[in-house]
Each structure stands twice: as C-alpha cells, then as structure tokens.
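You will see two complexes here that share chain A, one where it goes with chain B and one where it goes with chain C.
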Partner chain A sequence: MSKGKPPLNLIAGIVIISVICVLVMGAPVFTHYNPLEQYPEERLSTLSKAHLLGTDRFGRDIFSRTLYGGRTTLASSFLALVCSLVLGLLIGLTTGMFSGTIFDIIVMRIVDVLMAFPFMVLAMIITALFGTSLMHLLFVVAIIWWVPFARLTRSIVLQVKNETSVAAAKVLGANTRAIIFRELLPKVITPILILATFELGTLILSISALSFLGLGAQPPNPEWGSMLADGRAHFFQAPHVLLGPALFIVLTVLGLNFMGEGLRDYLDPYEIIKL
Partner chain B sequence: MEDKTILHLQDLCVSYVQTGHEVSVLKNISFSLKEGEVLSLLGESGSGKSTIAKTITGLLPPSARIKSGALTVAGHLRVNLTQRAILWNKIRGTVLGMVFQDAQLALNPLFTIKEHFREALITHKIGRASDVLPTAANLLKLLGFTEPGKVLSSYPFQLSGGMCQRVCIALTLCLRPSVLIADEPTSALDATSQKEVISLLKNVQRELGVAMLFITHDIAVANAVSNRVMVLNEGNIEEVGETQDVFSRPAAEYTQKLLAAHSIRTTVSAPQGLDAKPVIDVVDLNKAYSKNNSVIKDLCFSISEKEIIGVLGPSGCGKSTLAKCIAGIEPINSGEILYRGKNLVHLRGRMKRELCRHIQMIFQDARASLNPRYTAIQLVQEPLNYLNIGNKKSRKNKASTLLKQVGIDDAAKFRRPPQLSTGQCQRIAIARALTLDPKVLICDEAVSALDVCVQTQILELLVHLHMEYGFAILMISHDIRVLRYLCHRIAVMQCGAFCEIDSTDAVLSSGKSPHTKRLLECVYEM
Partner chain C sequence: MCKTVFRRLIGAVITLFCATLVLFIIIRLAPGDPIEIMLGRPGDLAIKNTPAYEARVAELHAQLGLDQDMLTQYGQWLKRLVSLELGTSIHTGREVSIEIAERIPATLMLSLAAILIQLVSGVVFGIISAIRAGKILDHVIRLFCVFFASVPAFVIGLVLLMFFAVTYHIYEISGDANIYRLWLPAITLGLVSAPQLIRMVRANILSELGQTYIVSAISRGLPKKQIMRHALKNAMLPIVTMMALSFTNLIAGSVVIESIFSWPGIGNYAMNSVLLHDYPVIQGYAVIMVSVVIMANLLVELLYMLIDPRLRNRSRLERGLENE
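For the complex of A and B:
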C-alpha cells in the first residue's frame, strides 16, 4: 500500500533524532575523553580542537559530558514515557469502555486531582521524603505523566465506541477484550503515538529542569539539566559551558516536535483518499 | 419570454488533484437553462453533478482545478470561471440561490431562523430592517408553514429535517434569485417529508417563476420534478432532453442501464412451506431509551426459516432499534427474543456469543461498519478470530472463498476500506457476516446508501446467496422498491409497533392500515 511521500517535517524530525541518538549511543567513538575525568589545568577553556565544546569548571570535556549525559537524559525520559504511555493507554481504554461506572468515576477523579497538582511541587515533596535520586524522579514522572495519555485515550474511546464498526464487531461475536484490543486500540494508537512524541519533548525538558534544580541525576554523573545548573555560575565568564547541553536539549525537542507533526500528517488512514 | 436563457455554461472542464495526480471529473460540460424551467442533473455518485453546482457558485474545494469554462447568468453577467478573483458576492444569493442536501447542517445552530433571514437580507442590502419579518413570514407561509411566527423564533435543531429544508428554501428565495440550485435537497429526508418538500418546492418555483437546477440521483424524483433532464456519467453528458422523451425513449446506453436498474423486478420465489418452523420469535418486545421515550411497544412477530421479511416504515419509527435488539447489541426492557426456541435475552458472555453467531447483521453505512485499519481479507477473518474457529490457514481459505463469492477480486483483497468503493465495502460486510454461517441475516437499510446500479447488484447478490445458503433475511428499509423486489412478507411499522404484516403483494397492492396507504402514496412511480 503506497501512502505517498512522507512529509518533510517527518523526515527532518527523524534525521535530527537519529543523529542525536547515534552521537549519544556511540559516545566512545566520537570522543576519547572520560566524562568524569578532570583536567584542572584546562578549567573553563573555550572551544578548541582538543575540546570541541570546551571544558567546565573542573576541566572536564563538555562535548564528552554532553554525549554521555544524553544517555541518562534520553534513557530516563524514554523509560518514563513508555511506563506512563502503557499505563495511560490501559486506564484510558478501560475507563472509556466502561464509562459511567463507579470505576470510571473514581479513576477520572484521581485524574482530576493529579491534573490539579503541580508537577514540580510533587517532585520536590517526593524527593524531600525519599531523598534525591534519578529513580525517585522517574517514579514521580511515571505516576503523573500517564494522565494526558489516559484522558486522550478515554475521549477517543468515547467517540469511537458507538461507531458502526464496533457494533458490527459485537454482532460478529467479539468479546470485550477483542473490542478493546482489536477495534478500539488501533483507532487510539495513532493519536497516542503523536501525543507521545510531543510529550517526550516536554518530558526531557521537565527532567532537565528537575535535574537543574538538583532533584535528578547527582554529581558527578553528567546529565543535561544538571550540566546547565553547573554552568550557570560561570555564564558570564565562560558562556560556552551552556552551549552543549542547551543545544542538544533544543535540537532533541525540536526534532521530536517535527516528528509528531509529521506523523500526524502521515498516519491518518483517511488522508489517502482525501481530495 | 418563454425562450429567454437565464443561465448558460460553456465548456466546463474541472479536475481534482489527488495525492499528486490529477483526476478529471467534468469534461466539456455545456448546457443552458431557460427562464422558469426545471432542469434535472441525474447521475450516480461520482458523476460530477455536485461539482457542477459547486463550480457555478464558487464553492469548489482548494484541490479543484478549473481548466476551462465560461458562465453567463441573467443574460448580461459573464464570468470566466478560470479566473482567480471572481466577485462571487454579486452572483451568489441574489442571482444564484443554493439549497444544500443537509439542511440541518446548512443552518447555524446558534442563530434563530429570524436571524438567518435578517443576515441574508441585510448582507445583500435588500429592503429595510423592518421588512425582514413580513418578507420571511410570507415566504414561510408559501412553503406550507401554518405558524411562521413560531418557526421564526425557533433554532434549527428545534425543527425537523423536512422543516429545516423548507426554511432553507425560503431563505434562498428571500433574495429573489433568478436560478435556484437544489443539490439533492431531499436525499436526507424520509419518504413522507420528501414528497412534501418536493411538491412545495415545485409549487413555489412555478409561482415565483424561478428557474431551477435540480440535482438528484433518484430517477423517479427527477421524473416528477423536471421539464428537462441531463444524464451525467463520469463527468460526461450522456443525454439531454425533455423528461418525457428521455425516460420513455432513452437514447444513451447508460440511461437505459439506469432505468433498467431502477425498475428491478421480482425474482425471488416464495419458499416452500412458509409455515415451516420459525427461526426467530419476537414476543412482547419492549424497548425504551428513557422512561418516557418508548421506541418499541409490545412487538410480536416471527421469522420462518429461509424467509425474507421486510420492515417498512418512516425514519424514527423504531426499525433500526428493532434490528439492534434482535442482533443483541441493544438491551431490551421486557419481552423475549427466541432463536429456535432458545431465549437470547438473558444470555451473557460466551453462551450469548455462541448463539448470536447465527444472527448476523449488515449496516447501512458499509464503510463505517468496517475498521479502516484492516484489509478486506483480514476483516472477513475477524469473526473467526473472535470465536476462535479453525486455524490460521483454514480461516484464510474461508475468507478467500467468501470474498470470491461476493465478487471481490484478488487485487481488492488486500486493500483497506478507505481505498474501496461503497459497493465493494458492502460486499465485504456481507462476506464477513456469512463467515459464521448465519441462519438469519439482518439488513439494516443495507442498500439505501448505494447508487441504483450498485443497489441492484447487491440485491441480486443477496438473493443469490440466500438461495445458496438458505438463511432467512430481515430486510429493514424505507424503500418500497427494494422490499418489493426481495421480500416474501412485509411488516409496516409505525411508532414502534407493526400496523400491518402480510404477504408482499397484499401489503403493496391493497394496504389496509392508513399508515400503509400514506406510505404508498409517498412513492414516486415512473
């Protein structure tokens, strides 16, 4: 089945994200510096052939730290996203399917509470109670980030569950599980994947922001947010210290947004025959 | 005066740009419309009839390209349609009035009817603000409203479909257009309102002397309304002529085909021993969506093995609800539905699915009843997956055989519903329903959304499959023509109850109940 050429923004998004992924995953190939090794004699040196993005206040190579730090940022955001996506999908599908029941009402009120709760504040409370670590941060993200997925899934399910195709499936002998997974899920999955690409962008920003506040990855481990926080003090003397992590955050979020928009244009099954 | 041309269209060619390539939809269309005349544009869906209406009112979607064409209206207004900047506001409304298919969508739900009139008249600077109400009231009276004041202060959603369409016609006429373009104005209405709207439209047209371009797919309606007919097929004019001539002595082959498809004749012989065992028994069925809104009241009837029974009734009488109740997708309030003596009503879960596989249903909107993400062959295998019948290979084989039987070729087998025609979608839906070897097939307006030729093909297919598999059919339709072709017995439904149930001939030739008589009166005969 030919769907025509994929849109330009989708290609651009995929290229940007692939390049970043290759750089981050193949970090040892692209740089020979250890991200934790300190060269005190080269503190805050600017961009040069030896140090592509310069060094930080301990003389650590920023390019190397950015690449290795990307592993933490990207892996943790992706892990958190997958957890919340699966949780959100399941909750959305079941509440949508059984809308109006006690189960639905209770879950949706929990959703309302979580929506009303400031994410940053919750993250601070949890880290204050259990101590700062990346795992705690991921836990906070996972318990709050499923909400948009659940809400979107539920609203789509409410729309499509009264469609003729679902009625037809019922007549043909589909049980509830078959209706949820064979009829509803395929209709939900496209908008959810598109939302996921946008959410991943936000998630990377949030995790970086929390690490910037010192609630995520702990020094000396590199992480984009904590590297920004680290470099903040030297911004006026050596502005290049912010360049690496900032550039990578911006590019990643931009690439993900391009991908989301492109996917939306590309995956609509009715787009094929639209005049 | 008689021969004055009011609208002339010359050499119109239009194409649509579709995923990169151009598809030509109108080829060298030229015609003219005389003052006070009604010209019908007759054709199947996709023949380009609506595109003509959209072109001359400047409402084409951005993907359309006008290759050539010139429009002359009211004798002096000449428009080169290929130009980009055309002052449509000088033409639309005051010269060309347009009535759309779905009147309820054409009216803005946030405005009352009064505000609609005011907007139309003020925008075109016709009359003073104080004149709006009397003008509107007069027109509404002309269109058969006894209480125009009440209608003027209502919102569109408070009116029925037929009333909305009459309001739309009045709104269009209040600007005194020279030409009225009606694009399938009654296709969304049921037979009773259709007859009413068409006769009113015809009266008003005659009284005000406007010319009318009437777009329809219904041969009988075209016959009743127009002086002249233009038959369109795939963007070409097949035939133009006086209505009488075209329908009594069709010159073009395509017109003959259309007429043949329209006058389908009975081919189903009554099954032997109709008083055989009933396969479905409905006893005292009651269904209400809310406390005061009873849809089906104490309904009793039975369907015999191998019988084809029709349910006829106006929209909103509960026919579709009845179908859904029997198919088991709508819970009922009280009563019994028996399949070969076993009550289906209180069954749940696996038991219900096992029994209900014998009762299958096909829907009006075939495309909507198929999940757009699966291919034809996957769709036909679905029911076997649901009930875990056979293995992967046997499922695939069965699906292929059935698809072949309903006339889906190998190329179409791997396409998805959005890439298939409506007729093909309905064929797939039928094949899918037959995978479970049903004993009863419920067809809920299964051919209403199809063009006449395709409609005939699907009906023939149903008859053929009925002979081969011997399932009973419950055919729900508002179209007497379809039921006459197919059914052994017809039940006439009104307000949730059957007012008559008898053999097809008895019902259609000498309907006893007044409802049947009224329904029969609304049918346009050729």
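For the complex of A and C:
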C-alpha cells in the first residue's frame, strides 16, 4: 500500500458525492417549493430563476422534487447495497475458510444459479408477479447483489489463508472465528470497499432504468427513476423535464466511479512498466 | 480434456435444473389465482357469475393439474418446458414460443451489431490507452470511459433519438426492425457497454507488461513492436470471458434500448407483457433468458479451454483462484 498524495479522481469523487449528499439532505434549505404541490398554471415551464430546473407536467418544481427524491433513491440504494455487502462478505469468508466442504459446494452452486439470472430479468419477473414497487426491486437486489461480493471475498480468502500470518495465528491457538475476523477480514475489506463503490453506481443505474420503464417507485412520490418515467411522455416536447433527475443520477454515479477508481489507485495500485 | 468438458456439461445441466426450480417456486409463491388470471380474457369474463364459469374453472383446475402435489406439478411443468410448450399469451391468445421466436431475429441483430461495436472500440481504444498509459490520450480515453459508464443507457438513447429523429429527421421513428433503423440503437448499446471492455483491455495489457517474460524480452533488446505483440496476444485471452459477461449485460440493456427505440425484439415484448400482466409470456421469457445465459457461460468456458492450453487440465478449485 502506498500512502502518498490522494489522486485527483478520488478527491473529485468525494467532492461530487458530498455536494450531492448536502443538497439532498438539506433539501428544505435549498428550495422552498413543496415537491408534491402542483401549480397547473406553470406546467412544463422551462428553466428559470424561479424554477431552477423548470416544472413538470403538473407544474411541480423539478429542482425541489429532485432534491427530495434523492432521499428515497440514495437511501434505499445505499441500504440495499450495505445489506448485500454484509451478506456477501459473510458468505465469502465462510465458504473461503471452509472451501471444499459440502457447505462450500452448495453455496457455490447457489451462486452459479443466481448468476444465471440477469438482474433485469429477475426484476421483471418479480415485479410482474408481485406488483411494481420500489420495495420489490430492493428485494430483488438483496437476493442477487451479494454474489459479486461473495465471489471476490472467497477468492481473496483462498489466496490469503495459506499465508504465514494465518499459519502463525493458528499456531498461537486462534480459533476459527478469530482467524476469520482478525486475519482474513482486514485483508478483504479494501478490495471489497472498492468494489462496493462501483457496485453502488451500477445499482443506482439499474434501479433508475427499471423505474424509468415503470417497474419501480410509483407516482406521485418523488424518486429519480419514477420522475424519469413521469417525464418520458413529455421529453420531446419539453426536454428539460428529464434534465434534473438525469443530471443527478449521472453526477452521483460519476462521483462513485471517480471515487472507486481513485480508491483503487490510492490503496492498491498496479505497477505501470515503461517500455 | 474430454473429462473436463463432460464435467462442465453436467454442471451446466444441474444449474439449469436448479434455475427452473427457482423460477417455479417464484411463480407458485406469487399472489393471485392462476385460473382467474387465465380467465382474464374478455370472452371468459363475460360469463362470470354463471354456472358455465364455475364449470370452466373446474375444468381448468383439472387441466392445469392444480389438484396434484407440487412435485408432480413441477415435473409436468418441466416436461412442457423441455418440449418448448410455454403456454398461450393471455393478451393475444397465441403460442408464447411462436411469439418469442418471431422476435428473436430482431434482438439477435441488435445485440450482434452492439457486440461488434463494443469489441472494435473496446480493443482499439483499450490498446491505445495502454500504450499511452499516463499520457494525455490515455487520460482522455479514461475520462470518456468513466463518463459513459455513468450515464444511464436510456438517457443516451433519448438524447440521440431527440437529436437524430426529432431535430434532424435522419432517423425514422417506427416499430419496424430493419437495417436502416439498426444503427442508432446499436450505437447506443455499444456506447454504453464499450467502457467496461476498454478498461479491461487496458488493465490486462498493463499487467501483462509487468510479467517476467516481458522483462526478459526487454533485456534481450527486442524491438518495442515485437514485445507489444507478445503482450497483446496474452492480454486478449480474458476478453473471451468478458464477452460472455457483456452478453448478459446486453440482454439487460437491450430491454431498455428496445423499449425506447420501439425495436420489436424480445426485450421490448417482455417489457410490454410485464405492464399487461401477461404471465405466460414473462415466464417463457425468463426461462429462455436463463437458459441462454447458462449456455453462453458454458460455451465461453469451453472456448476458453480450447484457446488457453494452460487451463485444459485444471480442477475447478484452482481455476476459481485465477478467474476471480
């Protein structure tokens, strides 16, 4: 690990994400419009000083809706990701530690089966059968999104568990739990965190795509994806209706990707050989 | 070699079997009475609350085998799947397998075009970026990658559609799948999926350049071009695996893109069926998609074994270490 000056993209990512978090959490400070209040006389008006990002088809202020909607989008995506991260980490640690046992074989088979279900396809089945809502999408995320974390954790554990430090811990009489949490976990956590920043970006993109198609959060509650779905019919007539939520999604994912790349460069850089 | 191939095949069949079991359980867990759903057509709804309706319900109940136990039901369901009997669409009343088969060419055309765009741009820009690592051109390419990996596919699609179809009338808005309407959705899909490949090609080449055989080639004084050729050959191998992954992503991405460009492929069809609550169609779509993904993964694994002699005779455990 080299700890020098943090790379530019890490700083850029952190700045972007903090700005968005401040805007979203402090929504009442930055806008005085109620995200649900309709002003029919001002419907579909373009960007102006009064309405920074214009108004939607009911005359609701898009800037205010975007800020309040970010709370739902960001909080739910983050929560779903943390759940799958913890689950994936635990499964990866245990299967890696007990690799080759029946438990490992069964879990790896489950991983194989889950990998056969693209997120989009599973989400479509679940929402078709159980009804369209954001909760159902998050449920699908919880079922499926732990897999990449478990796979990464397991592969690292398989490499690391034969190292001398682990052998030394065993000789000193550490039990399995101590080995997992004291020896293996610290080695796994950095790559997992890097993966998590990228995965959170992918997750936000996937959920917004599904919401855009009408499978996610339902109106009138503001949520970035459902705002996109709501504005879709008016896009060619008034393109600004999608600007607000699209801009915030792009900025959030961009910030997360910058952060992920920066973290990777900062925490485990690969050598660049010069010819 | 033969033994490994056989083991992979068995593994794929078991995975497929488990996947259908998962699908069956999801379908059975879903709320709603299957008979009421099946009788949702106007002709059937008209006789509701009459003795004829009751008789029809009882008839369907026996016909669908709902009075048998779950295991028998699963067995029969599986048997129908194998013979590609996916039932009839509630909305149109036609065979689901025929409806889906009609739409496969459109989806195939779109995904092949998109994969081609992704492959060409991914390899070309990946190599440029790796050779120029740390220089301005590399930074530009990487910035481009991060940007296009962060924009939702539908936003790119809508903006392109706005520009080419609404403002400049170059692109025809219709529901047909033909070669003149292919370029815009293909470019959109290619643009969205290229960054991943560019990044991977770049990382592979850079890590290959760190290998000892490259160092020895440098110390023997081989020309730069020749060394690059060696490195490229080895760095390109994992791209085969990558293509399978991106195929899965394309399936997911194509639902959105097909829907925006009203491209008459299976993704668009499935999406519309979700909104129409046409359960047999969604079920058929899911079964087909899952089988396609499993087969694609199997094919790639076998292909990979064929290309890379180092992997031919290894156990799954050892391979697991490197692949991940």
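In this section, the second predicted complex is superposed on the first by the 265 of 275 C-alpha atoms of A that agree within 3 Å, B and C clash if a C-alpha of one lies under 4 Å from a C-alpha of the other, contacts with A are read in each partner's own complex, and residues count from 1 in each chain.
FYI, a residue touches a chain if its C-beta (ideal position, glycine included) is under 8 Å from a C-beta of that chain, and two chains touch if they have at least 3 such contacts.
All values reported here derive from a predicted model rather than from experimental measurement.
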First (chain B), second (chain C), both or neither touched by A:65: neither
Touching partner for A:209 - first (chain B), second (chain C), both, neither: second
First (chain B), second (chain C), both or neither touched by A:178: first
Which of chain B and chain C A:264 touches, first, second, both or neither: neither
When both partners are placed on the shared chain, which of chain B and chain C touches more of chain A: C
Touching partner for A:169 - first (chain B), second (chain C), both, neither: first
First (chain B), second (chain C), both or neither touched by A:116: second
Which superposed partner A:161 touches (first chain B, second chain C, both, neither): neither
Overlap of chain C and chain B interfaces on chain A (superposed complexes): 270, 272-273, 275
List of chain B residues in touch with chain A within their complex: 16, 18-20, 61, 63, 324, 327-329, 349-350, 353, 356-357, 359-361, 363, 365, 368-374, 382-383, 385-387, 414-416, 418-419, 429, 432-433, 436
For the chain C and chain A complex, residues of the former touching the latter: 11, 14-16, 18-19, 22-23, 26-27, 30-32, 133-134, 146-147, 149-155, 158, 162, 166, 203, 206-207, 209-210, 214, 218, 224, 227-228, 248-249, 251-253, 255-256, 259, 270-271, 273-275, 277, 279, 282-283, 285-286, 289-290, 293-294, 297, 317, 320-321, 323-324
Partner chain B, residues of chain A touching it in the complex: 1, 4, 163-165, 167-175, 178, 182-183, 186-187, 269-270, 272-273, 275
List of chain A residues in touch with chain C within their complex: 9, 99-100, 109-110, 112-113, 115-122, 124-130, 151-152, 154-155, 158-159, 201, 205-206, 208-209, 212-215, 228, 232, 235-236, 239, 242, 246, 249-250, 253-254, 256-258, 261, 270-273, 275
